[in-house]
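Two complexes are shown next, each including subunit A; its partner changes from subunit B in the first to subunit C in the second.
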Partner chain A sequence: MQDLKLCAQDKRGIHELEAGKDLIGWDEVTQGSVLPSFEGDASNVAHLKQEERCYSDFNSYTATVASWRVKKPVFNIDVCIDCQNCWVWCPDTSIISRDKQMLGIDYDHCKGCEVCVEVCPTNPKSLLMFAEQEDLETALSQWPEKKKKEK
Partner chain B sequence: MAEKFDLQEREVWDGNYAASQAMRQAKVDVMAAYPITPSTPIVENYGAYVANGYVDGEFVMVESEHAAMSACVGASAAGGRVATATSSQGFALMVEVLYQASGMRLPIVLNVVNRALASPLNVRGDHADMYLGRDSGWIQMDAFNSQEAYDLALCAFKIGENHSVRLPVMVHQDGFITSHTAQNVYPLTDEAAYNFVGEIDPVDDMLDFSRPVTYGAQTEEDWHFEHKAKQHKALMDSVPVIEDVFAEFEKVSGRKYKRVESYMMEDAEVAIVALGTTVETSRVAALRMREQGIKAGVVAPRVFRPFPFDEIRDALENVKSVAVLDRSSPGGAMGAFYNEVSAALYTTENRPLVTNYIYGLGGRDFAVKDAMDIFADQKANADAGHITTDIQQFSGLRGPKLGFFKTKRG
Partner chain C sequence: MAITSVKNLKEFSTANDRFEGAHTLCPGCAHSMIVRELMNCTDDNLVVTTNTGCLEVSTAVYPFTSWDTSWMHIGFENAASAAGGAEAMYKARKKKGTLKDNDAPVKFVAFGGDGSTFDIGFQWLSGAFERGHDFTYICLDNENYANTGGQRSSATPIGATTSTAQAGTHSYGKKEKKKDIVAIMAAHGAPYVAQLAPNKWKSMAKGFQKALETEGPCFINTVSPCCTEWRFDPKDTISITDLATDTLMFPIYEIIDGHELNILYRPKNVLPVEEYLAAQGRYKHLFKPENKHVIEEIQKNINEYWEMLQRREEARV
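This part shows the complex of A and B:
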C-alpha cells in the first residue's frame, strides 16, 4: 500500500493554494509578479529528482490542491506492468515513477481526473477510482478479479 | 558585426526615419512588428537596415499587432532589448498585450505614430490611439517634431531599462505631420548614441537557466491589488529617472527636455495646453497674440505618463484662463486631457478658468488662426473673470456651433 508522502521532500503540499493568512503588502510582492521556481542556483535541476530539488515557496510543488478532488485513483502494485502509460498521460505530473517503475500517486497534486485509470491497459486495471474518503487498504481489498475472455 | 552607417552632422529626416535610426543605433536585440500606416516606414526602414547588414539583432515579421507585442513580451522577458512601432487600429489590437508588458515590468520601447481610430476609417493623425494607452501602465513621451522623435526614442530605452523603473515606454509622434514631414535632424554618431543608451542589464531574464522564473502568474483578489499598486508606484517613481536621463541627454546632444515644456509662460495671462505638433502651431499663435498686446503662452507635457500633475500646476497656477486642447473624440465626457489638467489646477490657490477644445480629429488641420481664436476666447474669459463660452467647444468643425456646459462660477 502506498505511502501518502511517497518520494516527497518536506515542502511538498505544505500549504493550501488559496489560504489567505498573513499575506505580505504591496511593498513586498515581487516585481512584475515574476516568481522564481527554486531557491539558490538551479543550473542542474533538470538532472535531479523532485524530492532532491530546492523548490521555492512560489512553486506549486509546495502547495496542495488535494481539496479539489472528489474521487481519487488508487494504485495496485500487484497488477501493474510498469508500462508508464499513466505517467505519460497524467496532466498534473502526479504519477510517481522511478527507474521506470510505477510507485504511486502524488496525492497533493492529483485532481482526480481519472485519465490514468482510462489509459491503464492491464486486466484488471492497476489504477481505479475510489471515493476520496475511502482508505487505501479498504480500496485494495475490494479490487476486482481478472475478467475472463468470453467464449 | 553590423556595418557602420555613415551619418552627416545634419540629416533631413521625417519622424519615421528618425525613429528607425534611433532603433538601429540602440542595437535592439529583437524587433517584432506588423507595419501599419502611418508608422509603416519605421518598420520598413528598419527592415532595410537588417537586409543591408546594419543590424545584428533579430527582426520578426508576425501576423498581427497582437502577435507583434506578444513576441516583444517574450523577447523582453528572455532578457533582450526590444522595440516595435504601430499606429491606430494596430495599437488597438495591441492593447491587451500592452497591459501584459507593463504588468510584467518589461522595458519594451513602442514608437506610436498617432492616428485616428475607426469608425469612420481614417489614416490621418489625431490622438485617439495615444489616449487609448493612457491607463496601460506605460511611460508615454510625446515628440512634437522629427528631432524629438529621434531623441526621445533613444531616451526611452535608458529610462525603461533602468532597474528602478523597469517599465515599457511609448514615444508618440503625430501621424503624417511629424512622421512624413522631412525636417532637419541632428543625429548623434552611432558610437555616441550607443554609449548614451548603454547595454541592457536584464532582470529576471528567462534565459538565465540557473534561476528559472514564472512570468504571467494569476493573482486573484488576494494578490492582484498589491501587484497593481506596486506597478503604479513604479510609474509614479520613474520621474527622477526620466529627469536624470533628460539631463544626461542634454550633455551628449545639447538638447534640453523637461517633463513639461513651457513657452512664454513667465508673464502669461492666458495659455494653451496641447500635445504633439499643435504645440508648435500654438507657439506661433502666442507670438502673434503678443504682438497684439495679449500675454499668451503655451504649456505642453513632454511626458504624458506619468502625468506631470506637479509641473502642470507649477506652469499654470498664475494664469487667468487656460484652454486645454484634446485631439481625441471625448466619447461623452469632457476631454480626458482637460480633466487631468483641471484636476491639477483645482488644487492651486488661484484656480485659473479652464476651458476645453476638441480639435483636429482625423487629421483636420489646426492652423495658427485657430489657435489665435482660442487665445482670444481666453482673453475674454480673463477680462470677464469667468468663462464666457461653453466649457467644451469644437475648433475647426463645420456646421452649427457645438458646445457643452456653462460655468457656475462668476
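This part shows the complex of A and C:
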C-alpha cells in the first residue's frame, strides 16, 4: 500500500543534489538568467497535483535528499485518522495527501526530521521512526499496542 | 482572489503544493513550514522575492529551484523594493493592456529573515511601505543570522547566547532588548500587520489570506524556531513554538490600519517563561544562580508587553 506510484516516478528523485551535471558552472551563468521550473506552459500549476505537472530538470522535485536520513518515518494506514497534522507541518513537502486522505511518505524528499511523528495525535502513533534499512513489513509487525490512559 | 478553504485541516490539505521538497534547509526547519503554508493558502499566481538568508540559499541551489512560482533574488536587503518594483511594472502593464493574461490575479510576496528585515533591509522595507506598494512582506523571525553561523541580530532577545554575543564568565549573552518590529511597521500606517506562529496553522493561514487580499503593503512577522542555533532537537520545532506562544514570548496578534489591535490567541494556561527557556540550549546559562535576574527581567518584559497589548485591544486606538 505504500508503493503508490502517485508522484510521477520517472521525474522524482532522479538527481543527487551534489551530482555533477552537464551544465555550465554557477560562476559562469550570466546575471539575470532564468531557471524554468516547468517544461512548457506553467500558468495552471496551482490547479494541478504534483503527478500531473510537467517538471523540468531544474526543479528540485527531481532531486533527492534521501541520503540525509539516518532514520525514516514509517506510516501505518490502519491507525491513521487522516487528521492531516503531518501534512501541514512537514517542512519538506514529503507527506503525500490526496482527496483529504494521507497516503504515504515521499522518501526522496524526506530528511527524517521526525516532526510528523511528534505531531501525530493517534494512539498508538500512526507514524513512527525506524532505522533506514528496516523494511516495511518488519516495521509494521513491530508496531506498538494501544497505550492505556494513565490514571 | 481564489483562496483555499482553511475551514479545517482536511479541506486545507486538498491544496496543491507549490513549494517543492529537496531544498537544503535543515531537517525540522520552520521556514519551509511557513512558506509552504503561504503558497498553499491561495491559488493565485505569485511573484515571490527573497532576501539573502537561509531561505534564499537553500531553495535555489544551482541548478535546482524549489519554487513553482516566479521567484527572484537580488541582494541581502532589497526583497521589499524588488517586490515593489515588480508590482509597479505589473500595474503599469495592466493599465496598458500589454500583459499576456490581463485578468489573471497576481499577488506579490517578499520573504526576509530577521537579519534582513530588522537590520540590513529595514530602510528598503520602510521605503516600500511608505510608497504603498500592494505587496505582502513576511519576516521569518529566527532571532539570529542563522545562515552565517548564528550572529546576533536586533531580533535576538535579551539573554540569548549567539556567536557574537556569547555567554561566559563576564556576560550572560545579548544584553539589549529585541526590536518591536510589529509596532514599528504598524506605525507606518500599513493596512494589515500581524505576528503569527506556525503551530497555530489556522490563524496563520487566515492571516496570510487577509494580507494577500488587502490592498496596500502588509507586514507579517512569523516565529520560525531554528533548531541549529536555538539548539534543540529538530523534532521539537512545533512543541517549541507551542511553548513560545503559550508563555507569551511570541503573542499572536494583528493590527489593522495601524490602530485596531486584535489578539488572535489567548493561551488557556499561561506558562512561566522558564519552560520556554529551558527547552533551548541557547538559554542554558541563564539557569546558573548568578543569571537568575535575567529570567526575572524577561518575565517582567513579557508581562508588561501582554498588559500593553490587552489595553490597546480594549482602547482601540
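Points worth noting:
One rule holds for everything that comes next: the second predicted complex is superposed on the first by the 130 of 151 C-alpha atoms of A that agree within 3 Å, B and C clash if a C-alpha of one lies under 4 Å from a C-alpha of the other, contacts with A are read in each partner's own complex, and residues count from 1 in each chain.
The working rule: contacts are C-beta pairs under 8 Å (C-beta built on N, C-alpha and C of every residue); 3 or more make two chains touch, one makes a residue touch a chain.
Given the structure is predicted, the values throughout are model-derived calculations rather than measurements.
When the two complexes are overlaid on their common chain A, residue A:Leu23 makes contact with subunit B and with subunit C alike.
Contact with subunit B, but none with subunit C, is seen for A:Gln31 once the two complexes are overlaid on the shared chain. When both complexes are overlaid on chain A, the residue A:Asp41 reaches subunit B alone and has no touch with subunit C.
Contacts of A:Trp87 after superposition: subunit C is touched, whereas subunit B is not reached. Once the two complexes are laid over each other on the shared chain, residue contacts for A:Phe58 go to subunit B and to subunit C alike. More residues of subunit A are in touch with C than with the other of subunit B and subunit C.
In the superposition on chain A, contact is made by A:Lys100 with subunit C only, not with subunit B. In the superposition on chain A, subunit A positions 23, 26, 29, 35, 37-38, 42-43, 45, 58 are in contact with subunit B in one complex as well as with subunit C in the other.
Note for the complex: subunit B touches subunit A at residues 103-106, 166, 203-204, 209-217, 219, 222-223, 225-227, 229-231, 233-234. On the side of subunit A, the complex with subunit B involves touching residues 18, 20, 23-27, 29, 31-38, 41-43, 45, 58. By the touch criterion given at the top, residues 13, 15, 17, 21, 23, 26, 29, 35, 37-38, 42-43, 45-50, 53, 57-65, 68, 82-85, 87-94, 97, 99-100, 106, 108-115, 117-119 of subunit A touch subunit C in their complex.
Taken in their complex, subunit C has these residues touching subunit A: 2, 9-14, 16-25, 27-33, 36-37, 42-45, 59, 61-69, 101, 104, 198, 201, 233-239.
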